[in-house]
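You will see chain A twice below: alongside chain B first, and alongside chain C after that.
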Partner chain A sequence: MEFHTDSGVVQAVNRVSFDLYPGETLGIVGESGSGKSVTNLTMMGLIAQPPGKVVGGSVKYADRELLSLNQKQWQQIRGKKISMIFQDPMTALNPFLTVEEQLVEVTMLHMGLSRTEASKHAVELLKKVGIPAAEKRIRDYPHQFSGGMRQRVMIAIAISCQPDILIADEPTTALDVTIQAQILELMKSMQEEFGTAIIFITHDLGVVASICDRVMVMYAGRKVELSTTINIFRQPRHPYTVGLLNSAPRWDQGEEELQAIDGQPPDLLDLPPGCSFNPRCQFVQDACLNETPPLFSLENEIPHQHACLRDITTLKEDV
Partner chain B sequence: MNVFIFLLKRFGLMIVTVWIVFTVSFFLMRQIPGGPFNGERVLSEAVRARLEARYNLDAPISEQYFTHLYNTIQLDFGPSFKMQDFTVNEVLAQGFPVSAALGILGMVFAVTIGMTSGVISAVHRNSVYDYSFMLLATLGIAIPNFVLAAMLIVIFVFNLQLFPAAGWGDISQIILPAFCLGAPFAGYIARLTRTGMLEVLGNDYIRTAYAKGLSPGTVVLKHGLRGALLPVVSYLGPAIAGILTGSLVLERIFVIPGMGSHFIEAAIQRDYTLAMGALLTYTVLLFVMNTLVDLAYSIIDPRVRLE
Partner chain C sequence: MTTPLLQVRDLRVHFNSPRRGFGKPAPVIRAVDGVSFDVYPGQTLGLVGESGCGKSTTARAILNLTGNAHRDGQVYLDGSRIDHLKEGGMRWHRAKAQMVFQDPFASLNPRMTIGKIIREPMRNFNVYDSDEDERLEVVRLMELVGINPRYMNRYPHEFSGGQRQRIGIARALAVNPKLIVCDEAVSALDVSIQAQVINLLMDLQQNLGVAYVFISHDLAVVRHIAHYVGVMYLGRIVELADADDLYRNPHHPYTRALLSAAPVPDPEQNVSQNRVKLEGEVPSPDIEYAGCPFAERCPEVLPHCKSTQPQLSAQAHQISCLLYEDY
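For the complex of A and B:
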């Protein structure tokens, strides 16, 4: 996935691959600009081309190649099989249309419901996501809802056709902590009810720990580590993952000061040679400066992939 | 109820504004050197005195002001100084519907052409369509309407022989002048729609709409257009008020008995009453149109509250 900008070609996402199984939750973690959102917008065919350009690769859904779909075929997938919720519920809902209108247009389109059927269905959905007095509130406009309520509406829209995949792009980042927990709870219960697979994009490791089965860590448009959540937390193999974990507060580390990762995320237009993380890495050695690390797959009981030449678990004793 | 109070407030405000406009222009007009009866032919003192007596111009200025104000409140603008045997009310009643009909058709042209090309330009940004529409829009704004009128007359009247060259009373006679009148407005509206649409299409909720699987047409027209309309609507209010009061140049070229010529000539010839009548009509129109714009805003955007 490339972006052709005025100042050059940016490879926003490069050699990122992952599988997603029915009913699971996959977390994608990384700093801003690491390509999390672009990866998923590409999966929805929502990257504007130009400036975007898919140079290669493959997105398969139920053995169907999505990247070669035409506009009409995409419309059959979006909102029906794969749907999406976004970071900021304030701006993701159309301020000019009632909540009802924004709900029914999806089910009328994909499920062929009549307006009255769709209306009924919409009220049920709003009740399901926990909106009180749904029959009345459905005629309200988005600005009449609070942030948390709006995100509930977004979820109602996203699950209205019982999609197989739900992509959640930082759905709780813009919300209060108490509301965050409620929204996560809601997403879990929706997942249990419909068996939806969820891709959860976030930079909040607490959220990852509470909701994700597996985690993929991204850095500078590349996958640097992928394994089960437990494995990533217990035995991170990439220094960047370690940095992320150390920079998040943990209940069992008491008053210890948080360790931030030094330096800035790299400029994608001007990546360092070798491993993109080498300027910020404390384990850096000569090979890291010349060689782009390949992806190492460890096929133990729990599959673990990482892209570090030095697999830091083996280094820990030396340091 | 909300709307009723809003309209009531606006009406009160309008009365005050009209009164201020009346007062300022009444004294300004009498400050300008020259009077309605200063022609090429010098009138004898006796004739002038009788004329001034007839139009109440010999009274002290304060008395004139209050008499005129009193009559105006009763919607009687008095006799026209220059168009003898006509009252201002009669002149306005004759000219205004003509200008209004022309203006409304011109606006219909402007809105349909302007918005369509604006939307197409925004959706196909930087395409051939975009560039050609925006070039046309700039031309529409830049070319003076008498030049456009002349060009259209040459093409449609003389070469194609589709329309008559001038006159008033038949549908075929209104199309060319209305098009000329609407052309610059169409240009502005096209540019405003394009800009508004581009801004709206960058919003998150447009991405949401695409993520729902809606077709590009539905996304643009259902989710995009409303937001893009707002700047156009606020431009339309004053534009319509201006267009309804007529165009001196076009009414001259196409020999149309509208308000445009009265507006200018009344001021030049110091036809105090007619100028005042035309000015107050324009003020009221402008006020009404702006109120309608605010109402339209509250209908288009549910977040807007009328105050």
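For the complex of A and C:
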């Protein structure tokens, strides 16, 4: 995925591959500008072209190539088979329509329900996502709900057609921790009920640890590591992942100094040659300065991919 | 024990919200409702809580930055009472207490070079006699916060968020303050950069002996930086203790719920974590409570909680909860 901007071509997402299995939760972690949101917007066909341009690659859902779909074909899938929830529910919901209209719209279009059926279904959904007095609140407008309640409405809309895939882009980032805990709980129970696969985009390692089965770590538009959550947290192999884990403060252990990653976040218009992480990497070698690292796969019982030239099986001990 | 640098006593800040209908009285928002704490020289007090708990208003009220709001209570900075001062009288105290804001994009003037931004407070308070002394001090401050002094003539937009926050810190340090109030100073930064800025703030404290009031919603960040932590709920401090003690041994039901809701970056820890679940949301702050404001959501509520106002206990580990009244 490239963006053509006034200051040059930005390769926002660069050769990222992953699989998503039914019923699992895949976390995509990375800092601002790492390409985690663009990856998913591209998969959903939601990047305006221009300025965006898909340069290559393929996205397959149930044997169908999504990148070659036209708008009409997309509408059959978006919201029905694959749906999305966003960080900011206030801008994602239409402020001029009641919550009922926004819920009913989806099911009438995709499931061919009549208005009365759809209304009944909508009340059921709001009850399911834990909105008190659903029969009454359904006629309210988005601004009459709190942030946490709006996110519940978003989830209700997203699951209204029981999609196979739910893409959640920082869905709890704007929420307070106690409300975040409620929303994560809700997403887990929805997943258990409908078997939905979830792609969970976040920068919060605590959230990843509590909800994801597998994690993909991104840096400067590339996948740098992918494995099970336990493996990523216990045996990280990419120096960036290690740095990220060491720099995350934890409330359950305090005193020791945080090990920050030195240097500045990458400028996508001006990436260094070789591995993009090389200016900030404490294990940098000559090869890292010229060669873009390929993806190494460790096929133990648990698949583990990482993109680092250094053999860092002993990295954890080194740090 | 040393005398406190900052003493806040029974601070209250009430805002008048717009009328909700013709002829109806305007509801009063009790943003801060009776907050007291001390900050000692060279130490950090963390204030944590969820949106709307009054932590930012407390920060602003300390420095007389709450505008037209109705403010009550006493604030003593370095021995002098400052809460009743008008802007003219407050001016000379501002050199002692500076502020670092959340948004590194909005808090730096885009039309000034960063050298000028850092120099401005020195000029305002006539700290140095000559331009050359000021320039040398700007160079020293930039080095101190880890920005190359070569960039003195660049503008804020040429820097990343983390670098801008460093510039904001250099500006706050320019008048050698004894206290810096940091309002969500690292919340907008990515994790790897956030850790850099936290480490910088802690190094500066060690070398310069500056005290911080550190406001954040992030419990983990506060744990790392604060010596003492106050937990706020609906404009009040519900628990205030030594940081280690508070996190290892939280007493107030709200503190316990808050901690158990905060996920830890450790997959095994989260499974074993015993969750105290909170139902519902923080109620509107325009109600005057007869009893404990947390009673409606409290998992351990007692029959008299809704009618009796709990007081912050006088021990080192202060708790405002009827469960601990006798203890």
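Everything below uses one rule, namely that the second predicted complex is superposed on the first by the 308 of 319 C-alpha atoms of A that agree within 3 Å, B and C clash if a C-alpha of one lies under 4 Å from a C-alpha of the other, contacts with A are read in each partner's own complex, and residues count from 1 in each chain.
In this text, a contact is a pair of C-beta atoms (placed from the backbone, for glycine too) under 8 Å apart; a residue touches a chain by one contact, two chains touch by 3 or more.
For clarity, every value in this text was computed on a predicted model and none was experimentally measured.
Taken together in the superposed arrangement on chain A, chain B and chain C fit without clashing. In the overlay built on the shared chain, the residue A:79 is in contact with chain B alone; chain C does not reach it.
Of the two partner chains, chain B is the only one touched by A:71; chain C is not. Of the two partner chains placed by superposition, only chain B is touched by A:96; chain C is not. Ranking chain B and chain C by residues of chain A touched puts C first.
When the two structures are aligned on the shared chain, A:192 is found in touch with neither chain B nor chain C. Look at A:157: by the touch rule set out above, it reaches chain B but stays clear of chain C.
With chain A used as the common frame, chain B approaches chain C to a shortest CA-CA distance of 8 Å.
Remark: chain B residues 203-205, 207-216, 218, 222-223, 226-227, 300-303 touch chain A in the complex. Interface of chain A with chain B (complex): residues 44, 46, 71, 74-80, 83-84, 86, 88, 91-97, 105-106, 109-110, 141, 143, 154, 157. Taken together, the chain A residues at the contact with chain C in this complex read 31-32, 146, 148-149, 176-182, 184-185, 203-210, 229-230, 233, 243-252, 254-255, 257-262, 264-265.
Across the complex, chain C meets chain A through its residues 50-51, 160, 162-163, 190-196, 198-199, 202, 217-224, 243-244, 247, 257-270, 275, 277-278, 281-282.
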